[in-house]
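Following this message is one structure expressed as structure tokens.
Chains here go by letter, A, B, C and D, matching the order in which they are written, and residues are numbered from 1 within each.
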Amino acid sequence: MSAALPPDGGSRTLAPLERRLLEVVERREHGAYVVLAAEDPDGPAPQPGQFCMVAAAERWGAGADERPFLPRAFSVLRADGKRIELLLEDVGPGTRRLCELRPGDGLRLLGPLGRGFSAPPGDRRAILCGGGVGMAPLAMLQDELLAGGRDAVVLLGFRDAEHAAGAKLFARARVATDDGSAGRRGLVTELLAEELARDPVAIVYGCGPPAMLETVRALCERLEIPAQLALEAGMACGFGACYGCVVPLREGGNARVCVDGPVFDAERLASCLAPGEAA
Amino acid sequence: MSEAVRFCGLELDHRVINASGTFDAIAAQRVFGDEIVLRFPFAAFVSKTITLEPRAGNPPPRLYEAPAGMINSIGLPNRGLLGYLEHDLPQLAALPVPLVTNVMGSTADEVARLVEAIDARAEVAAIELNVSCPNVETGLDLGADPRLLGRLVDEVRPLTGKPLIVKLTPNTADVAAVAQAAEAAGADAVSLINTLRAFAAHPDGSGRAWLGAGTGGLSGPAVRAVALAQIAAVSARVEIPVVGMGGIASGRHARQAIDAGATLVAVGTESFRDPLAGERVRLGLDALEHPRAAR
Amino acid sequence: MSEAVRFCGLELDHRVINASGTFDAIAAQRVFGDEIVLRFPFAAFVSKTITLEPRAGNPPPRLYEAPAGMINSIGLPNRGLLGYLEHDLPQLAALPVPLVTNVMGSTADEVARLVEAIDARAEVAAIELNVSCPNVETGLDLGADPRLLGRLVDEVRPLTGKPLIVKLTPNTADVAAVAQAAEAAGADAVSLINTLRAFAAHPDGSGRAWLGAGTGGLSGPAVRAVALAQIAAVSARVEIPVVGMGGIASGRHARQAIDAGATLVAVGTESFRDPLAGERVRLGLDALEHPRAAR
Amino acid sequence: MSAALPPDGGSRTLAPLERRLLEVVERREHGAYVVLAAEDPDGPAPQPGQFCMVAAAERWGAGADERPFLPRAFSVLRADGKRIELLLEDVGPGTRRLCELRPGDGLRLLGPLGRGFSAPPGDRRAILCGGGVGMAPLAMLQDELLAGGRDAVVLLGFRDAEHAAGAKLFARARVATDDGSAGRRGLVTELLAEELARDPVAIVYGCGPPAMLETVRALCERLEIPAQLALEAGMACGFGACYGCVVPLREGGNARVCVDGPVFDAERLASCLAPGEAA
């Protein structure tokens, strides 16, 4: 059981100060993704959208260029007070090492961290829109919404069918793929636009690559529909210590994704793209 | 079990403090709650660098992972002196340990104004002067030249009765000469090393800089051996106490810095990997000092 | 597939050479036989540093393994100028690539005698001047001060018509200023970085130095980001070609050094892990430059 | 089959220039020691006393203090042209990582390197004297001597019975242990002294910790008995490139253990102890 969705982002589940040493108890593959489950008896119930800083307990490092060195950030896919699940996509030395882990191996985990999603205001319908591995924080959010008796439309976009296999992690979801090999051919943001056209009394929960998030942000801004977007940023610490993970705010200045986010109200963001990055 | 230690007239519970800019006690309270105050990992808290005016810091990306370390181009974001005094200081003053405020200015006048303002605040136990700011004319770090640094410390020394720690730059030919100049001008202690100037190549292979600011500073285990050499060189040439840092990640590393001449050690990058790194370093150091008791 | 490159008037088969003191072509022939000559990994061979008099080098231990790198205190053992000319040079001259002789002296006079003697030998294609020798008076590296270095290069430049490469020390505040001084005094190229001054603590925890010589120099991946920053800083300020080195272990790293401004790259520590590292770096570099052809 | 013992140290088996990527095919424990066997079809037959530079193919590094970084030196325990065996004692991050390897894992190996043992001069009886893991290069030497129809007395010293289990690697051997838990209680050099007293027309082949080697050296010097000692030294490269592995010679100057040794005629050595080290 995750912690209930807070009415707004003010409250958060606090992280125990210690990095916990957890044991991996299950490793499943879902197409291109790996789900790692670890026993976490002392972990508090995270809110949907919170994340953890994770490292393998053994041999963290010594990959290409002697990396990884720092821990890596991962959304909580699901957590029930006894175990925690993470969704991984192998994109570099850190995720590769974690994808190697097998039941019995150790994991160092700090969390839950950050500010998660908050409950849909009023009776707005929740539309969860995820791109690729960005679906991770939406799974627990859907569970929570459904458990609370609310609707939760899930729209997911993937490169291809191999990645779309990840959609099985959701109670139900509609899928788009770039190459049409699963679900609709096209972008998940096209599904979102249709969904919002059908019924604009909605709130959008988004997580995915910057270009996708930026499309979601711009769309919701134009339609004046509230959105909560979970951002990513390179992180060293995950708890506000390094000031490395900043994102510029529309109101001026920067916010730290790890403590002020990762979930932001879309209206606070000027753009979801990195400076100089094209959509 | 740790023994109290005197440092520039301050009584500290043990020898392990944080490196400036690598621990945000206020953010940590938002994340970990009161636990971080009850179990504060450091014997003193060193603020990140405060400048006269607010600074937004550098554009992202600000972080790069290097072999056995990291490169940062954070760019000293801070609320500026007034913001610090109004907003941060009251919260930091509530920490269970003495507060060291780290300041930087690009001219002697700026530094003087910072030192005067901080001196006026009883909540602050000591002032650390970051002299790794690039000199506007030469582009070199302000603290790279013994004469320039001596002059700077000379000017600001009379402005405060609080202990004045000069945080040296490692990007210099003769760090011990710079430390001697600081000592001669009245510094109460020196701290080192700050980060080594470093370049992070874009992982896309384009040859562009990865960091938003172009270059950055290297820290972590990769620099530890350089830090130990500089700590030893400085300790051999000054009488004032030395705060040693650079890649310290265990009690054994802390012990090495102390053996090289440091009175206190500071934990920086390792806190990013583990928020309780400071406590771990202290316990490890205790175990080395009292091997029997530790069993 | 690699493209030939001109460097100070020399025609080299490709851009990858060895870092001085990290490859012994004569010993390699004893170990690997003629294979090492037939498949020589470097486009030029740089000798280890030769001094006027024979040197035994430092007492062991001379090696320490550091995070992502190593610290050495080899201490430049060599047969001295005469031994080099008589014993080593004939064997090195038989290598299939141009020979660069690296020399070091602790006074301008010593350097002058070395340069004159090497200049007289047609087998030598270029001279590299190692200026990381400690100055007897200051203890700093001879090459740490732009004025001193400029004067040294001024004195020895007229003594040879061969290309003169000045190998800079990284243990300085402003490596670009030193490079400019070398250029102004007539150097044909600069090479960098040499090792960073570093301390290796004894693993027994006693606080003693592990290395026989007390301190040593850090090399390997740990220093790569520092090397790239210095290569970029120097390349931005001089017109003469730059030989980039420091932690280069792959074609991608070589590419980064070239993008930072280097004309050639040198492989040092990585050759210890793999005697064919030079070839691997060259092939990796080729693959990046001709991505299609490499498939 | 190893290469025949050369009449003197002038000849050596050359190393292929490439680090070979070998597959571990067997891992056995002998008390405190691990024997790793790897397929090595392209490896030339090494001479007894030669060594290799070895690293794990994967995750070499990232141990305590982010080590190991450099490869590690190991004597060839045995090699038969198809496979090579190494004897390991876990004493630090490099040997620990290698001891973790299992059949199927990869090994990077450069060698054979160095100058090995040479044949006993005249009809001198060969006495092989090893301390701890220093027994490794003596196993192939004994095989070779026995195959050549010569006698080969093997004397081994160990800390305790757990280590003495390594003596099973030899056709036959006499054992001493520090604590008397196996074989004779005492030092292997006491066995050696007795053996030499019995019949001084001998040559001693020694390998072991510095203090033991120094005792062997001094004993043989006093009795004017020739000895060949295989030394250890911290090594970065193993092929003469770094000048890190030097040992001072009696004749003056230093020799590189990796190319001039590891086997030295005892009379060339001033002492087997590191400078400042006590026996």
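Please note the rule applied: a contact is a pair of C-beta atoms (placed from the backbone, for glycine too) under 8 Å apart; a residue touches a chain by one contact, two chains touch by 3 or more.
Here the structure is a predicted model, which is why all the values come from computation and not from measurement.
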Contacts common to chain A and chain C (chain labels): B, D
Contact-richer chain pair [A-B vs B-D]: A-B
Length of the line joining the C-alpha centres of chain B and chain C, rounded to whole Å: 34
Length of the line joining the C-alpha centres of chain C and chain D, rounded to whole Å: 34
Rounded Å distance, chain B centre to chain D centre (Cα mean): 48
Where chain A touches two or more other chains at once, by residue number: 61, 65-66
Sites on chain B at which at least two other chains make contact: 66-69, 221
Topology of the chain contact graph, where touching chains are joined (line, ring, star, complete, other): complete
Residue ranges of chain B in contact with chain A within the complex: 21-24, 26-28, 30-33, 35-36, 39, 48, 56-57, 59-63, 65-70, 72, 74, 77, 212, 220, 269, 271-276
Residues of chain A defined as touching chain C within the complex: 65-66
Residue ranges of chain C touching chain A (in the complex, touch as defined): 68, 221
Contact footprint of chain D on chain A as seen in their complex: 59-63, 66
Touching residues on chain B, where the partner in the complex is chain C: 64, 66-69, 71, 138-141, 144-145, 171-174, 196-201, 205-207, 215, 218, 221-226, 228-232, 247, 252, 255-256, 258-260, 288
